[in-house]
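Below, chain A partners chain B and then partners chain C, in two separate complexes.
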Partner chain A sequence: MTAAAIDTDNRNADPAMRRVHVRDHLRTASRIAVLLGGGALALIYLPLLWLAVMSFARNPLSGIPMPLTTMHYQAILNDVRWVKPLLTSIALSAIVALVCMIAATLVARAAIRMRKPGVMLLVSLAPLFIPGLTMGAALFISLRMLMNLTLGLWSIFLAQFIWAFPFALLMVLIVASRFDTRLLHAAEDLGATPWQRFWDIEVPLLRPGIIGAGIFAFLLSFNELLRSLFVRGQDTTMPIYNWIMAASQQSQVPIIFALTTLVLFVTLPITAASFWYVFVKLDKS
Partner chain B sequence: MGTAQDETRRPASRLADYWPSGLAVPAFMISWSILVLLPIVIIVAFSFLQMKSYRVVYEPTLATWTNIIVSERWFTVVRTLRIALTITAIELLLAFPFALWMAKRCRSKSLKAMIVTLLTIPFFLDMSSRIIVWRSILDVNGGINSLLLNLGLIDAPIQWLLYSEFAVHFGMIGSYFPAMVFPIFTSLVLIDDEYIHASGDLGGNPLQTLRYIILPLAMPGIVAGIIFTLVPLMAAFVEPRMLGGGFVNLLGDSINSALQELKYPTAAALSTIVIVALGVLMVVLVKLIGRREGNTSLFQVVQR
Partner chain C sequence: MNKSSQDGLMLEISHAVHRYGTFTALNDVSLVARAGEFLTILGESGSGKTTLLRLISGLEHPYAVEALKLDGVDVTRTPAHQRNCTTVFQHYALFPHMSVVENVEYGLKVRGVAPAERRSRALSALEIVRLANKHDRRIHQLSGGERQRVALARAFVPQPAILLLDEPLGALDEKLRIEMQIELMEIHRQLGMTFVYITHSQEEALTMSDRVILMTKGRIAQVGAPADLFDRPESRFVADFMGMENLLEGRLVEHGGEHVTVALDDTTVRGRLSRQGSAAVGSKVIVGMRAERISMGAEPPPDATLNSVRGTLRSSIYRGKYLDREIETTAGVLKARIWSSSSEFEGSGYAWWRPEDCVVMPA
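The block that comes next holds the complex of A and B.
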């Protein structure tokens, strides 16, 4: 549909006809929009489906899923090198999530009390404007080359914290920006101690944001690859293990397919359910 | 933020109001800057240093930079910029109509919530496994070729599907789509429907409403979407590595291989290029929106 066509419609048709035309055009436009967006979503989710199907194929990198086999799943049970990275990832992500929840709460409640929080927020969100690989390289050169430190879990933690914190802060800020500080004054007048005011009034009201921050931070940290890769030292997380297996050793690809399918099978429902919780809770508050 | 409480604010002496955040702001600002911004400054500075027998020589030199200019690395910079801008343009074309539909045409609340969830989940998926699947789809013996061969549409497998720029582009489209949709969607949701109805009532057709009402008001979201898509794209690493098969070398690969070859100043210089390129692109975008701002404020004047 062109501008000229619509202009002719406008001039020639009576108002009722014109409205019908406009509605038709809008319907076509809507269909195209849904088609484009649906196509992009298909590019995200069809490969995941394909991943699950091919994890049962003898040769996952071939085009045909036949013959079906569970040999790659048996291989996972026999070759348990993936267990340690998985456990490392879970523990590390839990710590990142906990630290993010605390830090984000402190910074967010400070931000809503500031007259001009703009600069602080911009600095807080800086990692969103730095590509992951660049941040990883910068951390590596600073920590390893300049300060000559031995890298390991602690530096992976720092890299993942840098990535997860801005999102955690945003989650708490969404709730905190609607927080009415007069409640605290009222509590003070009624004789509440500072700690009571914080723990009994602020924290329960901010809870959806804080929990959302924790969920986001955990998931972001659990899947972080680009920043952790260079600062890992001798340690390995699940995404790094997947990357090493996928990038260098062709023969390990089948295991990756099966392993990722299992991980997705566990994490996808949890992720979907957590978002449902976050969106519904944030909608209510 | 905070303005609503200004009227009720007590005298500043009541520091207890700030507890335990009183020290949080300066402490946080300092440690966060050391953690995030200082490494970026260091990596830029490091590109002017050199390594001799695995040790840093603290003597400023342009050797790394001359080497980059002399060597063929410039092609990598141009290729990275070209692919990043192409993908950003494709994502914008895909995302804007979809975001507009989600914000203004999609009536079902639960469908909208489902789409938002579907768009959020990819941020939390493992990158390497997501991208490596494309190999089994695009390979010479892969899904698409097998399908086309069996349907009799082609006689021989299409070679350029995998290990080509096509494959890298294709793999990127899905990955960076949500980053473009979300900011645009958010800015579109915030547009008051009254403006759109008013435009229609005053005789504006949908295209005019789009051009003069929706686009100017959605501009901040569009700019944010472009930035959030460009930032990871400029140092994309997983897609070219897995789908390019060594034929599509981007800055991300170069940084990685430079680090592995212990050419740290080179890695630093390439990272600096990424940072500078992104900085320039962002300034250009903000300038463009500044010019557009004229339109927006004009619109606000007319509105009054």
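The block that comes next holds the complex of A and C.
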């Protein structure tokens, strides 16, 4: 019985009346819930939508969308300096995703076979809780100042990998912890070599986690700015480019509006697809 | 057929020892299985029977063994995936991401059998376990009994020298278990394969096996046909495990032809020694009788060749088809299962049984 039902119990003796009351209470409560939830979602998505609208405004910083224009998009097409950072970002994120998938699979497999994986997992997942600024500065100090290395794409990769790996590991761990290692004994008993056991049994059963790990790693890497800024050397990724443009004296802001709108249209569908894959597909298998 | 055809032995284990830390799971176990035999390894949990099975399949490597031969070939150092034997696991361990037929053909797939041939062999195996119509189902769509049969088909499809069955009926309810016992025997007859069957149920062992190995504490307690273990237990442990209700301590007083004479407190009984020469005159022995072989009555039995003791009725429990009664004698409490109500009595009376139904074994 709900709290509302208990409440009405004392006041109303007629069961039929009571039922009506309860239903009214519940209806009000769920209306409030929908309102609050809808409001929260609006807070998230309306600014994004507004940004997309303002990318068509002649003067986005004025706050008034009118008059509408596509001049900023034309500017993007004419000034192609952003293409290289975008391609760099896509390639780099793809590599980060791939390496994360492999590393997370290996570590998760090891974790479920260890008798006490606690400390190992804690150390592996800890970068989740280290602020980006701290991690970026720490990497810069040790790589550039201590070891005197020339920073570049490789150090951006390293920083992004450190950032994305814990998430990837969590994704694979969720699936791996439910994996029944007795299935491997059964396969071995049926004559499967270690390699066949891995490919035929383990990989298909861990696949949802591995793919989820790849998608998350890609998105985290693609949007990463804080750590990359410290260790970029002479190289530029898409978020770094946007950040430089937004911070520069000559107002490139209108272009940023258009550019981020485009990025949004790339990342949102990927995010949606990944959630669908992880929560719908994974549940079915 | 390999070398095994010469001596007919599919499995040969000599002096296997296995330890987990300081715990000795197998203590000098030797056994053989003949081609086509249904061999049951019977024992309680912790008796070492599952360890023995894992040594045979290769999922565990023995601490020490003199010989471990499958089909005439020593496989002591052969990894599990290269041994010619497969297992039906208690927990089935079916692959959840494969369909029924994909599960069944997996053993052929890893052996490199062509897709078309392995599919047809898997389908005919499913025919044998009466699941051909469900070959494209997912594992989670099957009932417990159906999963059990898929696991069975998956294990026998590669035609191993030996099929190992690890308590395969343990997870089924009683009705299904009895049906599957019959079905397993039928499949065994049909395939002509050597079955090594692990169970803790003496009923399963007696029903299905050609031969039974009873294990306790990592050792073999007795080996024999089901009737041997049931009727001629050679130790108190075996008699107790096989459900012999009445076990009394006595002293052997005389060897005499077919029967021996045993002193039980103030009276003597005659019985047969379960193994010739296993007890000397004067040594302590155990006398065992099954409850259903004991009769009771107010008067002593008319036949003087019967063993008979005097006592007082302690309890009488009505069980519908029969009556469970306990009579207290000077030698100890005797349990009897009475099928006719004509022998009812109160207070003091007699219990008697035939010397043939009285097993004498070393204490």
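Here, the second predicted complex is superposed on the first by the 241 of 285 C-alpha atoms of A that agree within 3 Å, B and C clash if a C-alpha of one lies under 4 Å from a C-alpha of the other, contacts with A are read in each partner's own complex, and residues count from 1 in each chain.
We take it that a residue touches a chain if its C-beta (ideal position, glycine included) is under 8 Å from a C-beta of that chain, and two chains touch if they have at least 3 such contacts.
This is a predicted model, so every value here is computed, not measured.
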For the combined arrangement obtained by superposing on chain A, do chain B and chain C clash, or do they fit?
fit
After the superposition on A, what does A:190 contact: first (chain B), second (chain C), both or neither?
second
Hey, is it chain B or chain C that touches more of chain A?
B
After superposition on the shared chain, which partner residues are touched by A:124: those of chain B (first), chain C (second), both, or neither?
first
Name the contact category of A:150: first (chain B only), second (chain C only), both, or neither.
neither
So in the superposed three-chain picture, is A:26 touching just chain B, just chain C, both, or none of them (first/second/both/neither)?
first
With both complexes overlaid on chain A, does A:200 touch chain B (first), chain C (second), both or neither?
second
Check the residue A:70 against both partner chains and state whether it touches chain B (first), chain C (second), both, or neither.
neither
Who does A:182 touch here: chain B (first), chain C (second), both, or neither?
both
Minimum C-alpha separation between chain B and chain C after superposing on chain A, in Å:
5
Chain A positions within both the chain B interface and the chain C interface are 180, 182, 185, 188
Within their complex, state which residues of chain A touch chain B.
3, 6-7, 9-10, 22, 25-26, 29-30, 32-34, 36-37, 39-41, 43-45, 47-48, 50-51, 54, 60-64, 103, 106-107, 109-115, 117, 120, 123-124, 126-135, 137-143, 145-146, 158, 162, 177, 180-182, 184-185, 188, 194, 198, 219-220, 222-223, 225-226, 230, 238-239, 242-243, 246-247, 253, 256-257, 260, 263-264, 267-268, 271-272, 275-276, 279
Interface with chain C, chain A side, in the complex: residues 180, 182-183, 185-193, 196, 200-201, 204-205, 285
Touching chain A in the complex, chain C uses residues 57-59, 79-82, 86-87, 89, 91, 93-97, 106-107, 109-111, 154-155, 158
In the complex of these two chains, what residues of chain B are touching chain A?
1-2, 5, 8, 10, 16-21, 24-25, 28-29, 32-33, 35-40, 42-43, 46, 56, 93-95, 97-102, 105, 113, 115-130, 132-137, 139, 141-147, 170, 173-175, 177-178, 181, 203, 205-207, 227-228, 231-232, 234-235, 237-238, 241-242, 252, 255-256, 259, 264, 267-268, 271, 274-275, 278, 282
